[in-house]
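By written order: A, B, C and D. Residues from 1 in each chain.
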């Protein structure tokens, strides 16, 4: 790990060969590879332009129905993690398309999902008996093991980004899933119910909830955007993040999801951040304006709906040539709970 | 996931080929493999007899010094996870040997480690300036990012089992490690200091600790064993576990380590448990007596110091033909914090 | 405590007399009075009609300026607790009046205060450098040890109800207070700043706060009222409370203040609650409509801005002859933290 | 509060008289008395020599039986709080005596109680079906609402100090109490059961407990004393406290009781502390050696089993002319939970 690996010789090699059938392996021959001085990830920086992804989804719309696909999604697969369906080592990212009139049928799974809405006139998600309309920039959660289905009552295709903890759940061998008897769950709650109940800094007296996910499942963009603007009014810019806020579970003030942390961030025109690195590889999505992320010195220009990834412990510098807004998500909540999250600010 | 996967045809295959260079993949072609109805792990049940592992370590002692190896350890590698140095998908297991007079030099890493002592007359571990003697059955912790070195001042080789969260830290891209300037850290605390301070159900007034690991780093076997015996006196047998206790962090009552949960369990002569399954794949180590674990119906007989693994969601039934004690560890704390842990008791 | 007190006789009385100068007292002679089978409070049910209180405050306006009074407040003193300035055994209640152009000068104290606004066109409170306009029904907090001043920029007198934990802080001997150098603290934040920052179910990334009070200090009535209305839409009436919500600290989901719990509650026209009692004596304030509270069978009719008190462990039944809204506060958070809070629902 | 109180005049006095029948009082006339710049307590420093208290209890033994008294206790009543049965404003203190063969009959109450054992050969307390022998210096808890009875199977009278939160529970109007059907509750657990179970830094797997009090109910003096000695070995003396440890609830690392904090503290021969003051008035009990407490400059010499009180925000300096041990308790846990606890170290 911290010294040069021992040199192999004939006797040692013979020993390695002898013990392999016994399901034994010499730690000293692999220690440097599994306990590294710094994160040494196969995950690489990468960007997807939205135009191209959208075109491919339109093509996919002609090839397969939402019903047959169950979910018509193109996975954004990290080129350093080929064949794994992963965006980062622990998280999944895809873009979903629902055509007018289609339904993505109801199912549930232990994987937690977030949706960040990219285009929607008439898109909706139903969770726990409530149907929420989806609009550009909304942050929508489908909690672990909750029934959910999606649909499109409008005239144009609907698109959103899906962020899930599929690799994490797979890694922990904790995946459960099942389909719902019907295509759609019944709608039993009025629209906006959970936001009105849990989003007004009040809670029903004696309300308790065992699940670790926020009961709010649609954080409206207009409201989140306004919160950023209010921070701007006091000029408290974080040198590494600009104005960055996290979506919060009103029941405990923690992250809105147990495994995935999601944030919205404003970079004002002309702002350039200090270098920053952290152990949580992060998926960024452009929301407003245009900017440039320099990841370990390599520039990635982005505009609205583009997606790019900053791997673990890769230095990033953000620049905004106009007022710009980024959505992002990572596994920071998981790393924090496990005592593993680290960051380095500036050039130290 | 919940239905049959869509059938591929020529057009779809052409589409898959076209999008691959764009780092895109059709979710519907892989969904059933990544979101499974139940945990579908490559991790398999397996047992290592201690005699054989011990012999191999004695051989290794002739091939390489502790100093050159840094740690003279044989990894117990799960045969279903070949080439990964993993015991389960998320955890590592090895057996370490320190020869008389040797020192395993000081280093630190973000990976958390536990030691369960298998043979020791003169073995020791130093953590945070305190050196603790290691005796059979002791549960010793080296917390994340704490300097630690080991040695053997006795006349016979010392052996212990190492349990670490190496795969988990690797998966999260959060590995940091460094070597200490000297072979050994200086000893600044009297022996037994942390146990006396933090182990007597008292804490120094105004004591605070940021780290999520127990400040006790040697849970003596005699004391833990006595706690089991006191439970026995009230006959409160858990149908699935016998008498099972978890090692606790006195600062918060939680698990002793942030990522790994460790337990000691007594199965009385003639006891046979109800079937049990849970999502945390578990490494078991025989401590006293002899028993048999039926894992999905396949029997694994074990005696003192033998190691066996029950993968995620595999049904296990324990039987003890004489009074028997098992040590075990798993990633249950991580799964609980992430909202993913599940168990099923009995034949439901 | 649970039996008849021992009979006193001449020898015993002589003994009591002998030990008194030694600061000793026989427990058996007082045990029944200090450890009672049920709460046995001097606090009694009582109601104040707003019209009368308001008139008295107008009178007071002619007798003393806000500057001279520091706070022009009439304490609502419980008639069972005469001379103590208490509304309940642990909490204080008053009604404050600020005349046009007046300022209630800046000070701070360890006592936590809430304001429930009764009449205000131009009333304001400043806390932590932010000035908030006060409107009917707003729930405003001045946290422990924060500078605060009030004023009135309108043309009519402003009135609000003050709820403080003065008796509790006094009881614990933990009162600290000091005046500000100037009459008013400087305003450094834009209006609505804290609500925009902390009230939108988002938090600035890496925001931490040591204080146990909500960072939101004005919970607007319109928003709270709307939350109640959304509960009504799902018809989930609590048999003892109607629709009752508590004001929440967004940082942890707990009560908005560390010692005082505040709630807003909707009773629909014609609703009559089941009997209810709890150990937290409660101050109720009428907000909308009219209703009647039967406290241990004695009716108290109330309308907007009237105040009434339900002592600890007194049975209360609420009736609403029209849609009615009540604000209330009690020491429930304190009792919960100390493991002392109890309730009894129905006639059990 | 922070200025001179307004001068009363004839009109004002007439107003005060007029509003009194309306249960109103002018805040400005009392504000300085109820919101003080610093704690202004009626609680005064005081010491009780054990010899005298013991003699009085022997006398009481001739006047009343434990059965008739229910508890034969002399309350140590603070001379500044005459007639209130209080030691400090929020806590109670008494010394209890059980004669050979006597039983103090079983009852329960919401008040939490601690016992600090002063003399016992054969004294015992039963809680939750377990009987624990009491020895000098043991810290014994009877949690809120748990049945408990005491007895003496030895040949000499047994004495212990009782510390309860009677005033706090009374203040909050939350007292409940009841007698047990029989004089003694049945003993169903082996001696030492809870300590063995919960005191060894292990917990039964899946153990949960709703109550906020430690499941350990006898913290043995020998063990606590040894913990202090181990701190001494590292010479980490707190300038204001010497070596001071708090009794801990192993389930959460918090104080052993929800309302009362208890500590044991070692002052080495010749040690003199820095001045210290805090808002939690504290009851001290001498355990070993002799020392002197200077409270606001007035010296109180103490020896084994003597009791003295340091009121809120009174400066205390401890001196030990020989190795000395003090037990102490206060309402610090309550004040901390309510956000009210403050301390000042040194002469600032």
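Note that in this section a residue touches a chain if its C-beta (ideal position, glycine included) is under 8 Å from a C-beta of that chain, and two chains touch if they have at least 3 such contacts.
Being a predicted model, the structure only gives us computed values, none of them experimental.
> Please find the path from chain A to chain D through touching chains that uses the fewest steps, and give that number.
2
> Where centres are the averaged C-alpha coordinates, which chain has the largest centre distance to chain C?
Following the centroid criterion, the farthest chain would be B.
> So the centre of each chain is just the mean of its C-alpha atoms; given that, what is the distance between chain A and chain C in Å?
Chain A and chain C have C-alpha centres separated by 43 Å.
> Measuring centre to centre with CA averages, how many angstrom lie between chain B and chain C?
52
> From the C-alpha centre of chain A to that of chain B, how far is it in Å?
Centre-to-centre distance between chain A and chain B: 30 Å.
> Hunt down the residues of chain B that sit against at least two other chains at once, touch-wise.
In chain B, no residue touches two or more other chains.
> Examine which chains touch each other and state the graph shape they make (line, ring, star, complete, other).
ring
> Got a list of which chains touch which?
Contact pairs between chains: A-B, A-C, B-D, C-D.
> Which positions of chain D touch chain C when the two form their complex?
Touch list, chain D to chain C: 1-3, 6, 11-12, 15, 18-19, 22-28, 30-31, 34-41, 43, 46, 48, 52-53, 56, 59-60, 63-64, 68-79, 85, 88-90, 92, 94, 107, 109-112, 144, 166-179, 211-213, 258-259, 279, 281, 311-313, 331, 334-335, 337-342.
> Flag every residue of chain D that touches chain B in the complex, lowest number first.
Touching chain B from chain D are residues 189-190, 192-193, 196-197, 199-206, 214, 216, 219, 223-224, 226-227, 229-231, 233-234, 236, 238, 241, 243-253, 256, 263-264.
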